[in-house]
Each structure stands twice: as structure tokens, then as C-alpha cells.
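Chain nomenclature is as follows: A, B, C and D, assigned in order of appearance, with residue numbering initiated at 1 for each chain independently.
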Amino acid sequence: MSKQRWETRPLEVWNKAKEMRAEWQKSIDTASSERVLLAQGNIQWSIGFPALRVIEDNPVGAMMANKSDEFARICRLAGEVLGWGREVCGYQLNCWGAMYLGHQMDGSPFPFRDLVIPFPDPCDQHTKRGQAPMDYSPIPRFQENWPLYTGPRDTDREKAMIEDRVYCTLYIIEEIERIFGQKFDDERLIESVKVAGGISPYAQDVSRFMQHIPSPLSQKDLYSFYTLGGLTKSDPGETVAIWKALRDEVEWRVENNIAAVGNERYRWMEAHPPPWHFLKYYRYMEKYGAVCIGSQYSHMMAGPFEIKPDGTWAPRGGGFRQLVNKPIKTREDAIRAMIGTEARGHRFKDDEVIRPYALNDFAKAYKVNGAILPLWRCGVGCTVTRKEQGLRLSEIGVRVLHYEGSQPGDRTDLDENRMMDQLDVWMESQGLRKLEE
Amino acid sequence: MITAGIDVGIESLKAVILKDGKVLARGIGLSGGVNRARTTEQVWRDTLAAARLKPGDVSKIIATGQGKNDVGFVQERITEPVADARAARFLYPKATCVVDIGADQVRVVTLGPQNNILEVVMNQKCAAGLGILLKSMARTLGMTLEEMSRLSDGPTAAAAVNDGCSVFAEMDAFSLLNRNTPKEEVARAVTEAVAVRINSILNDKMKPSKESTVLVGGLSRNKAVVNALKRRSGINFLIPEQAEYAGALGAALMAAE
Amino acid sequence: MERFHEVLQNRHEYARAWEKRTGGKVLGYYEPYMPDEVVYAAGILPVRLLSQHEPDDVTDRQMYGNCACSRDILNQFIKGRYDYIDGLINAEGCQWMLNAFQTTLNNKPDLFNHYVFVPDYVDGHTSKDVMCSELNVFKKALEKWTGKPIMDNDLDRAIEVYNTNRRLMRQVYELRRADNPVILGSEAMEMVLASQVMDKEEMNEMLRDAIDKLTERKPRSDTGVRLMLIGSPTSDVELEKLVESLGANIVIDEICTGSCYFWNEVIPQDDRLMAISLRYLGRPHCALKDNNWRRRPAHIYQLYEDYQAHGVIIAKQIYCHPHGTDNPLIWKVLRERNIPFHYFERDTTLPYEETRLRMEAFISMLKPELVLK
Amino acid sequence: MVQEYWRWPESSWTATNIDWKKSKTITAGVDIGTNSSQAVVMCDDRLFSYASLRTGADYRASAGVAMEQALGSSGMKLKNIRYIVGTGWGSQNVSFARKTVDEINCHARGARFMYGPAMKTVVDLGAQTCKAIRLYNWDRIRDFVMNDKCAAGMGRSIEVMADLLQVPIQEMGERSLAVEKDPEPVSTTCYAFANTEAIGLFREGYKESEVLAAYLFAIAWRIHGMVGRVQPEKELAFTGGLAKNSGIVNRLERAMGMTALTSEYDPQLAGAIGAAIIAKEITEKADGLKTVSFIGGMPHP
């Protein structure tokens, strides 16, 4: 085996992150016994309700797929017999399957939701998200619009959209106050908006550091981290602290050339969730000295980036980050600040839906040699324009590999051996052989 | 010096023994499914015998093909497209692209100016089962692959079967049979479907050039498929004789370097 | 009757002829929430892009995992079947169609195109305002493109034409409620499909005399079992024809290319665009837009009762995710109400034998005597 | 000549203790499936003879051959048979049949005949399609489902697998049961991918029995999901060719927590027997005799 070019060492912040994740999981499980409301969804302002905890089914489903093939399989079956089609997002199928079974992986009772506030998102699966618990037991469900349109941004066009979103949010808050008799705490909301604005600078730094060669982190590390911002809403202060710690450690790693992959000689990017039950292909690629520097999906916490006219790689702005400096006095101010000046959703997905070229900027900025773009046969938001992006990337000389599976959270129809073979072919056809057997 | 290449395919095994760029012997055998390791050794021994050589005479053996990891007695393993590319360059120095159509894989390898590879496109899972579909249809129609190829060679069929998926395609074929569509017609429809599949993979990334594209692999012996494919893609394929040995040849050439 | 069939079969020729005759422009659209009236008011012919069964070896390059409809529409564009289309509209619906829209534009960037945002939260208090402002933007875009303004009386005329069409179609559907209807499911479905690729004024004429003819027609006696069809949009009547050959008749459908297309009218008000927005936000919703209030099951049950159907066929396109996600509730409701139903998936090709088997069994399940007939 | 592991034995049988000349009504049923064809002759209410063979490309011919073999040396001629019903994928090709009936009704009746009045749910494991049927009264169908597309062609998958592992198709089931604990099922049952899947498992050091187990488990699981959609009752029976594969049936029973009813008849015959019974009912109807009558409406599921 050849000598490592760079030193590697585990991330120290990671243990702390683990604890926080565990705490969060606990807080969800104990919600009902603590008489705390449990909301299905992912919302920025939930902090305003002291006794409201929020859980999205994505991480749950991903976790299940990753931890236990068997349980995920049984859950999917529980959903299938009730008529769920294979097109349904694998996360949902896992999560709601567990709901139908009534227990979680570890046998503990399933935390049933008290209300649903689907996180608006261009992906159709999100649009209809959270209907399962609503159809299963009569609980209220609130929805917002997630405006979308093609072509250049048009602020006049977005006025009505912004008003609509502000109205909806305020309406939902009032409804929750009315239905569940909870008092909404404006102060906490305002504070949290500032905080939420506070995470992103750190997250953005982390993202920027990863342009360094050797990359200080790899996709695996990011996947452990990128949901933290969402996970620990209950204590924004803590979240900011850990992101700061992460930022500092990564900076230090960059200064001392601490690498994620010791023999980094090939950088590749991804788009969208990996097969959560089959993460070992990252390690497999490391045999070739290839490091995954992430994807727009995993750099999401930092917000959407773009290449500025002066050639630097910087966040695109818009969204609430833009307005945190403005004085925020009332609940409405805070909400407006969150929604920002742009109603048109601009998270990673729309960038692709609106213009398949977005990934090219990303590829250039991170100096990648190749890209592995999964084709999720039944995933909607996860598959749309994937092929187009492949073509665009190959135009700028990035080698593209597609592999096919059923769903990110679903083991069905992902042929692992075929995928391994494809990885070998892909690497060897670029003149790379395994460094060690 | 004497080198050898072994192509351990899904359906069949191919071996080539090479001496200074000259082929000494070829050997072919049915891949024995899970007993692939054993059958491969058998084929290898036969090929040696045909070349009147002892194992010791061969300085290097390289294996390729989807089952390459199942054989023990080789020094090295390379992936199929690399071998194909090497062979194509050897047979046609001007080749710019090589297409390998096999039992359940289609590989489109675009060659660069030197011996480098610009792009490899392999079919996705759901487009798999090309050779296998033909095989199992032949079984259903109660004819051999050769007969099927002969019968289905001709103008595009009036009837059509699903071109996205082998299983649906078979379902449609059964329906056709049930409505007493003549065997030939059904065979032709299935062949067309296979051609459509392959062509959509040819379209996938870099379009292969019309004149300097080499066609190899087991299915390249199937006249009907090749003609249907020519019709669809408008590519005038260069097909070497012994096209199915291309992989093994490529491996042997690599071993010589 | 046959005329509708012809128009549907030769829809491309029809549109070309229309273009030549009127010198007007043709807009293709993907989604059921497309505000036809605005387009029609601008003197443009809105044509719904429908799929057809054609071997497809080109779309894999740009698409993957899409439903057969969206794939085939792109396929037809690349193969030049739609060369007469001057522009594309995508009124937000499902993402596969958005994908088809995007990808087609990447192939033909010079086409006029516009994206109309339709609120997902159709019941929302302010959604109608968003929709209305979107229609305004759309109107302006069209005016800019055609170079002539859209006047209120243009809109009124368009609304009138479309409402008439809807009323006539309701009349046709009303005939299907009879104990043995004079019109078959396949014929009715062909009418609706044709109406989505035709000039509505011409369509209305054809409809009027078709209805006259229908009234003195003898009903068929051999299609006793009454079925309801729900599920993904379709662009052909193979299934209807099939069940008719097996002694059944589809008397009502709840499909975006079927009854949902014309079910409710625009209720006129001074703010024309608002009137139109309210119509589209109030229409029987497609599986995707049926979000919070879950109106769809109730609507389905209503139709089931009104048309005295014996059973329900749920036909879903493979990879049609809105219906894949909506099915569980539909199943639940149908089971609760003890309504027999059969669910199956269809693909580009409808495997004849398999489908026949399903339908034959389902029909004889509803009417066991048939087995011994 | 290479051994054809996928080929299953064809069979035919004639009752020795029945004198067909004495019986009142003789009826027959012919079931032309995509992979196998069966013909059955029934005298009054008893099974007289059957033949089961592989369907060729020419469905018409297969039907004829099957019928011929069923008549065998019994001296019975087609004209002796009062009424013949055809069923199965190729039912239209049974030229000598007076009527065709869909498999689902036939399997329901056939299973009723084979498994008796206790049975409430039939699962037909055919080569091309699988069906789960729920019955009420005597032979009325309350609800049924058929596999979706990606679960089609399981019979073919089994054949491909037999070829690949070089295991005779009749032995697959038993051999797969040799494992002490079932491994996770393979990710797909589609025959087009069977190759790479199985090879991969071997690479990971699986034994033959374990590969078989993983594969048959996957098939059983697929079917389990489908059967679940009719909310099966515990008195269930398996018919069709795959029902002979203990590896699938066993795992299915385990997954569903039920034990299937058993019968002395060959499960593959259910369709044909059902057809013959329907033929008999039709004749009885013609003679104005009372058939099992339809009592009440749809019961509440």
C-alpha cells in the first residue's frame, strides 16, 4: 500500500454532534408523555411555540434505511398493502409504514403527530407530504404555497406571492393558538430569526473551505452535519455554537492540510441523497483515492451559492439571511424577514428545475473531476433534470456516472454489485486503478 | 512473448492466446452459471491444448468480463470497456467508438486520440436483459437463437412490444402469440424492441460516428438485431469476424504491454 | 361521433389546418390547470399535448424515470410531430410535466414559453389573489407576444365559448346517467379528448348536432355493468373499448383529461381574471392539488352515486406519483363505503391479455351471472 | 446436449376407478397459460383425467395436444364431452371450447373443489401473473388483486435462476430450505437482473442454499405484499405452478403467519378443474337444474 500523502484524523466536533442528535431523538420520543405537541414538518418559526416540537420524515426514513434493511422492508410492506404506490418517496413509505405498525426500529412506540405543517418545496412529494398521518387519524394540516416560475426573477410578479406566504404563516400560527390553546412567543421567534441568520455564515465558511485541496471534509461528514441546523431548533444557541466549533476545526484542518482522504487524487461530486443503506460506496471510492466533496444537497445549510461576476464563489443571498440586519420588532416583521424579498423558492432543487446548469458552477468552484448522479427511478424531485445536468457537466469536461435505484430510502431495485462494477469501469476508463487491494 | 486474455461473460466464456500480436488460439464455452470458475478453467485448458502450449509458456493472463472476479488463475483483471477499447484500436486503428452488446449489458466506449477513453456509457438496470430477453423469447417461440435471428431479419414489424422493459415486452409478445400473430412477426417485434433499447443507449451521451464505430460482443453475431440497429441508428458499423472475442483479445493485448 | 374520433386521431393535421385557415398561433400546454380562456381570448388555439404509443429511443438522453406521457410528449417533439406548435405553456401541475416542459425548451429554445404558477394550496384564503396576479402576468406576456391587447370583451367571449362547451359536455354526460345510456364510455371520452385539441367554437357546433343525433339513438343492450374510471390522465380509449367488449360500460370518469376538464363553469364577475382563477381553483382537483381539505374522495363518491356505477376501476400510469400518493386514501374511502374497485397500472403499451383478464374478472365479480352466460 | 435445469416434468393421469361411459355429464376444462397448459376431464363431480404440459409458441396446437393427452387411452372422444370451457392467457385459442372464462373465476371454483368449503382465500402463483382472490358464499368473488408489472414473470425468473445456479427447478424449494436463517431478500425479483444479483451474493461468500433462499424470499415477499392488499383470511390455499415450490410457499406462510390448506390434487390444475366445473354448471343451468345460487348482496369487507 502506498504512503499517504496527507494526514487524516477524525472530526472532533462529531461526538458533540452525536450527543445533540441523540437528545433530539429523545425529545421526539418523549413528546407525548411530556404533553408537548409534535408537528410533522419542517418550519423555521416553530420556535415561537415553547411546547411544540417538529419532526420531518426525511431523516427518519433515511435513518431506517441506513440502520435496518429488515425493518424498512417490513414498514414498506405495511404501506404497500394499504395502496401506496412505488412512486411514493421512500422516506415517507418507511416512516409511515412504521406509523401503521405503531412502533419504531427499536420497538419503542411510534411518536404520533398532533398536527402537520408540510415544508413547502418544489418536489411534488413534499407538496403532498404529511397527508398520511392526516388520513390515518384526524389531525389538522396546514399548508403554504411554494411559488415557482421559470425565466428571470421578477419582483413585481412576486409581490402577491410574498403577501400570500406571510398571510399563510400568520394564519397558521393563529390557528395553532386557537386549536391547541398555546401562546405564541414573538420574542423567541425574533431572536431565532437572528440566530438562523447566524448559522449560515459558519455553514458557508465550511462549504468554502471544502474547495481546498485536499478537502478537509468529505460527503460522509457533511451528511452527519447538514441536518443539525434543523435538528436542534429547541435550542438555537447550541446550534450556532456547534457550527462555530465546526467552522473553526475545519479552518484548522485546512491550515494543516488535514485531509478527509489521505491519498486524494480525484474529486467527485454528487447530486441528491445517496442510497442510505449502501453508504459504503464512499469508502469503496476512497480505494481509488477519490473523495466526494459533497453536493448542492449536502451544502444546503449554507444556502444556494453561485459564481459572482468577479469569479468568486459566494452565497446567492435572498431568503431571510438578507434581512436579518433590518430591525425586527413584531411577529410579522420576523415572518417577512424569514420569507425575504424573494418568494420564488431558491433551494437547491429549484436551481436545477429552473436551469439545469446550476451544477456546473458548483463543479467548477470545487474543481471536481467527476460527478456521480443517481437516477432514482421513482423519485420525483430527486430525478427531475438529472440526465440534463449530466449532459451539461460533460460539456465542461466533467466525467459523469449515472446509477439507478428505486428511491433514496428504498433498497428495492438498487443492484449493489452492478453499481460496484460501474464504479470500477468508471474509474478504470479514466486511467485510475485501485491504490490498495 | 505469449500472453492470454479471458473474457468471463454472463452467457459465454472466451479465451484468446496471443503471440507477438498474432492470435495463436481461441476458445469459447458456455459460462456454467455459478460454476463459472470451473468451466473457465476447462475452456482455458482446451485453448492451451489448441495452441499446443503448457501453462508455463504463457507469461501473463488477464481476465475481463462481468465474472472476472470469479476466476483465480489470472494475474490481473481489467474492466470490460478498457479491454474493448484496446481491441477496437488494434483491429481498426481509425476507430473512434466501440459498442459492445452482450447478454445483459450494452457498453458504448468513445475513444480518444491516444489510447485514452473519453466516455463510457453503460445501460441502466431497467434497460438490461437484452440477450437474455432474446434467449427466453427464443425458448418461448420454441426456436434456437440462430433460427430466431434468421426468421426475424427483415423489415420492421407491424406489431410492437414494449421497448422499455424485458418483462413487459414478453407480456406483449404473449398477447401477440395469443392473437395468432405468426412467430416471425413476434420475433421481429422483439428484435425491434431490443434495437430500440440499444439505440437509445447510443444516443445517451456522445453520439457515435457514422463510419468509424466498431460493433463487438455476443449480440453482434445476431444479424437481425444488427440490421435493425443499423436501420434505427444509421450507423454503418465495422464488425470484425470473431467479434465475440474482442474482450478477450483486448485483455491479451494489455497483458502484452 | 366518428368526427370526434377522426379529430382525435388526426389532431396534428387538425391543428395545422386550423393554423393555415385562421393564420393564428397554436400554444401547446401540459397541465389541466391551464387557463384556456385567457389564451383563447388572445385568438390563440390552446392544444393539450397528448401522448401516443410510439417506440421511443431518444428521450433517455434527457429524461429518466418519467411517466410514459411526459416521455412520449418529448419524444414527439424531438421527432417533429409537434412542429406546428408556436409556444409552450406549463400551468404548474406535476413535476414530470414540468420536466417535459423544461427539456423540450432546451431542445427548442426559440419557442415562446410561459410558466403559470398555480397555488398548491388551492383552498388558501389568499391563493386566489396569487392565481389572479399570475393570470395578469400571463395575459401581459401573451399581449407582448401577439402584439395586440386582450380586451375585456375578448375575455367575455372566450368565457362564454368555454362555458357553453362545458354545458354541452355536461349534457352529454347527463345522457350517461340513463339506465342504459345511448352513449358509450369510449365515445364520451373521445369527445372530451377531442375538445382539448379543438377550436371550442367549432367543437360546440359539432357537439350540438351530436347531441341531437344521440337523442334518437338506440342504446346498446349488451353493456349492462356500469363502471367508473378514475386515475391518471389518458390519451386513448383502449380501456373503454376493452370493457365494452366484455359486457360493461364506463358511465362516468374522474380523470383530468375527462370529466374534471369541463366539470365546473366560470361564474362571471367584473374582474374577469379573478372569475377565471376562482374557476380553476374550484375545479374538481387532480390528485396533486387535492391537498388540505381532501375534496377528491367526496367528489368521487358523489359521481359514483349520481351515475349508479357498480364498481370503480383505478387505472394509474406507472410512475404517476400524484396518484401513487393519493391512492391510499381513495382505497380507504372506497373500502369504508363498501364500493368494489380494481386497481392496476398501465404503461406505454396496454398489455391486452393481462388487462382483459383483469377486466373480465372484475366485471364478472360485479355480475356473477355472466360467468354462466 | 446441455442439461435444461429450467425444464419441469410434464405429466398426465387417468382415473382407473371411473367408468366414464356410466357417468351422466362429462365436461372438460382447458387452461392455456403462458408457460404451461392443462386439460382436465371431469365425470359428474369427479376428476377423470388430466394432462399438464409446457405451452409452445402455437397456443392452438398446445390446446389440442393437452386435450389429446387428457383423453389418452381412455377411449373417450371429444364428442363424448358435453361441454368444454377454455381459460387462461390463451383461452381464445381453445378452438374446441364452447366458451371461455377468466382464470380468476376458474381458479376460485377449482380451488373450492380441491380445498373444500373451509377455504376463503386463493392465491394463484402463475408463471406470468400472480393473483390473490377472496371468496364468499360458495364461489363468489369478494375481492381480488393481480401483481403489478414489476412483479410479473416470476415463473420465468425461477427458470432463469434454475439455469444460472444449475439446480433442477423441482429441487430449488427444498434446497433453499436448507439454510438455518433466511438472509435478506435480494433487492429485485426481475429475471433480467437475476444474474448480477446472484453472482454478487456468491462473491460475498453465500452458499448455494443461501442464494436460493435470498431469491425465493424476495419472490415470496413480493407476493406477500400483493396478497396483503385483499386482506386475506387465514383459511388460504395456493394454486398454480409456483405453489409446487416449497421454498416460496413456506416463506410465504411464515411471512403471513398462516398455514395453507393442503389437497391431494396437483395445484397447477386448479384453473382447468375450475373451467370444467363451470362447464358442468352451465349444462346444469341448461337442463334447468339448480346450481349453487347467489345469496344476498356483497357482504361487508
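One rule holds in what follows: contacts are C-beta pairs under 8 Å (C-beta built on N, C-alpha and C of every residue); 3 or more make two chains touch, one makes a residue touch a chain.
These figures come from a predicted structure and were not determined experimentally.
In this assembly, the chain whose C-alpha centre lies farthest from subunit D is A. Ranked by the number of C-beta pairs in contact, the top chain pair here is A-C. Look at where the CA atoms of subunit B average out and do the same for subunit C: the two points lie 45 Å apart. Distance between subunit A and subunit C, defined via averaged C-alpha coordinates, is recorded as 36 Å. Centroids built from CA atoms put subunit D at 40 Å from subunit C.
Taken residue by residue, subunit C touches two or more other chains at 60-61, 64, 343, 347, 353-354, whereas all remaining positions touch fewer.
Counting only residues that touch two or more partner chains, subunit A has 83, 86, 375, 377, 391, 402, 404, 413, 415, 418, 421. Across the assembly, subunit B contributes residues 66, 124-125, 165, 168, 171, 174, 178-179, 205 that each touch 2 or more other chains. Contact topology of the protein chains: fully connected, every pair of chains touching. Chain contact summary for the complex, subunit B toward subunit A: residues 66, 78-82, 85, 107, 109, 116-117, 119-120, 122, 124-126, 205-206. Considering their complex, residues 53, 55-61, 64, 347-349, 351-354 of subunit C touch subunit B. Put simply, subunit D touches subunit A in their complex at residues 148, 150, 184-185, 187-188, 190, 193, 196-197, 199-200, 203, 221, 224-225, 228-229, 231. Partner subunit D is touched in their complex by these residues of subunit A: 69-70, 73, 77, 80-81, 83, 86, 411-418, 420-421. Contact residues on subunit D toward subunit C in their complex (touch as defined above): 89, 101-105, 128-129, 140-146, 148-149, 152, 278, 281-282, 285, 291, 294, 298, 300-301.
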